[in-house]
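Going in written order, the chains are labelled A, B, C and D, and every chain counts its residues from 1.
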């Protein structure tokens, strides 16, 4: 899988999806993939961020992470998205990033990318399935190849058994309620495996 | 709410959704509603049922429950569905019951029924959201009024916080993993409340 | 229906959903409802808008329309959304507006609003169903009462028969390909009728 | 692509999805794939079929088509489904076929099959998107690789531009309202191309 180029594109306000993205990056690099970790541009005004200490802290701590650009899609063989649920669909920050890729899309530059996604929510059934399904709907418009975990490894059962992608419940204090690190790593390994096959001539 | 007619239509192979339906019936009757409890007709052949002792037991124990018919929809002001997830959508038994209501539908007899739904799955994220959303898609074809729990009561948080409808995780032995009785009762009370309003002239 | 307060909240880049919103407003006012017409705040930078003459023109022409605020939800008995499809889900502009209503949502101020939605796309099957379904998913989180057209009037068949909400195909030049004015008016009348009932004591 | 094994599994009551399946078969065989064409078992009672002359005619004319079995999934590298919309989700006949594959699923025998789907409806927006999306939800449970048309070929625009799969509107007399033959053939060619890559060692 040394030849797979993976862009991990996430949005995180208080760090959960950033952590999931980091786990994915670690595993992907261990597997020999070339990895870009990118954050979706924040849309919230500074004063809104300031009012939420956890958000402000994470916002400051991830200033060094590059913002996602069209080139991160163009360059990649595979895309892994990670973003929290906002009322059962992806947050506007990530949606905005997708929406402005009309140029790439119109020129067929999104076709055949291998795609997978992860998410989080405050309640076990608070959009952890719906958010991923909605994101894959958009990815079907892009002509991508969608690879979800299904039930391809026993590790998934311990992580809530989400066949659409790894997801985690986060409490009011931002603490993950399940240990999903291994599920994240299995998901990214699976994505790389399929992507690697699609690259072979 | 004495004037609301509620049909609870469920499918259950080993008893979970039957139990949820019973809780709903109990609460609805306490609230003064007129209630019909109906099961979707079984499609599986007898030999398949025989091979699964838990299924066979439940099948035998619910022989007295009437099968759902078109008249149960026609008669009702409100419909509450309950069925397990089968690969993220409703089981064929319940789908079959919906599919054969083309006659009612074509004559506008499904319009303005107040509808809500419940489900179960073997994994926390194994279709507990997707199954309900898919069922509501069908209900939009019927011109119904869709009333889900949202986050309208604190009891919902303890039951997994599924805004689309009460759902429960069931282990391999058929044991519910969360206590959802109060969530079921809240959901049916909410349905009756809205249905009651739509009936007032 | 004189007592129904309706907020029509739309996003439009080149005018289609604005036109649909205007038709809805006209019908609702004729029916005696109190109506607010509000646009979702634009997120695109000025230079992006400048590059697209049709977008620029519409942007300038609708400067007088008030931007939607939390109060427009708080005030309303019923909400009608209208926004184009962007890869099968709502545009980030509208999603952003929903996302920032966490305060209202957490205080139960979105509960029992009657909700319906409309959309548009460049292709007949380019998200005209998926976009609406995704929006209703969010509305289930809000604890709203969802009222879609279903097949409640013959006028819907001429407009493409979208049971989830009125939708229209728009060509490259921004011309609607079907006449959906009557379908829009039927949809809003239906929403007002149901909302009116929910208001009666 | 000589090495790809494709199972085309359809349900059809009056012939539309059978025709789409035949077009797919023709193209796949021309491309060198090994093809099985299979129908989902009918669930309707004979008397119901007898009452609808078009249904009865098609039922009789396709007696020679083999019914789909678990082996058709086990054997295949790629699966193409085709079935009409029934209230925005797949018909119970096809759902029943999926539901009874629990044994294959539990043993990981559905994993990494390349999957795509087609549909039809009586109205342009009468479930042509929703039905496909719902089917893909189930396929995510199976751990398959989902390949939809997206906008990968200009022929798709003439066929209604459904990025989720080819779909067609059928009038009351069973006549297709758009010419989707080329879109079907593009879709199957695309599926075979991706499947072929996943097979290379």
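The definition used in the following text is that a contact is a pair of C-beta atoms (placed from the backbone, for glycine too) under 8 Å apart; a residue touches a chain by one contact, two chains touch by 3 or more.
Chain identities (UniProt): A, B, C, D = Trp repressor-binding protein WrbA.
From a predicted model like this one, the values you see are computed outputs, not experimental measurements.
Taking each chain's centre as the mean of its C-alpha atoms, the one that lies farthest from the centre of subunit C is D. Separating the centre of subunit B from that of subunit D, both taken as means of CA atoms, is a distance of 29 Å. Look at where the CA atoms of subunit C average out and do the same for subunit D: the two points lie 34 Å apart. In subunit D, the residues that touch at least two other chains are 88, 105, 126-127, 130, 133, 137, 140-142, 163-164. In terms of inter-chain touching, the protein chains here all touch one another pairwise. Residue ranges on subunit B touching subunit C, taken from their complex, read 105, 108, 110-112, 133, 136-137, 140-152, 163-164, 194, 197-198, 200. Note for the complex: subunit D touches subunit C at residues 88, 122-130, 133, 157, 160-164, 167. Of all residues in subunit D, those touching subunit B in their complex are 43-44, 48, 86-93, 95-96, 98-100, 105, 126-127, 130, 134, 137-138, 140-142.
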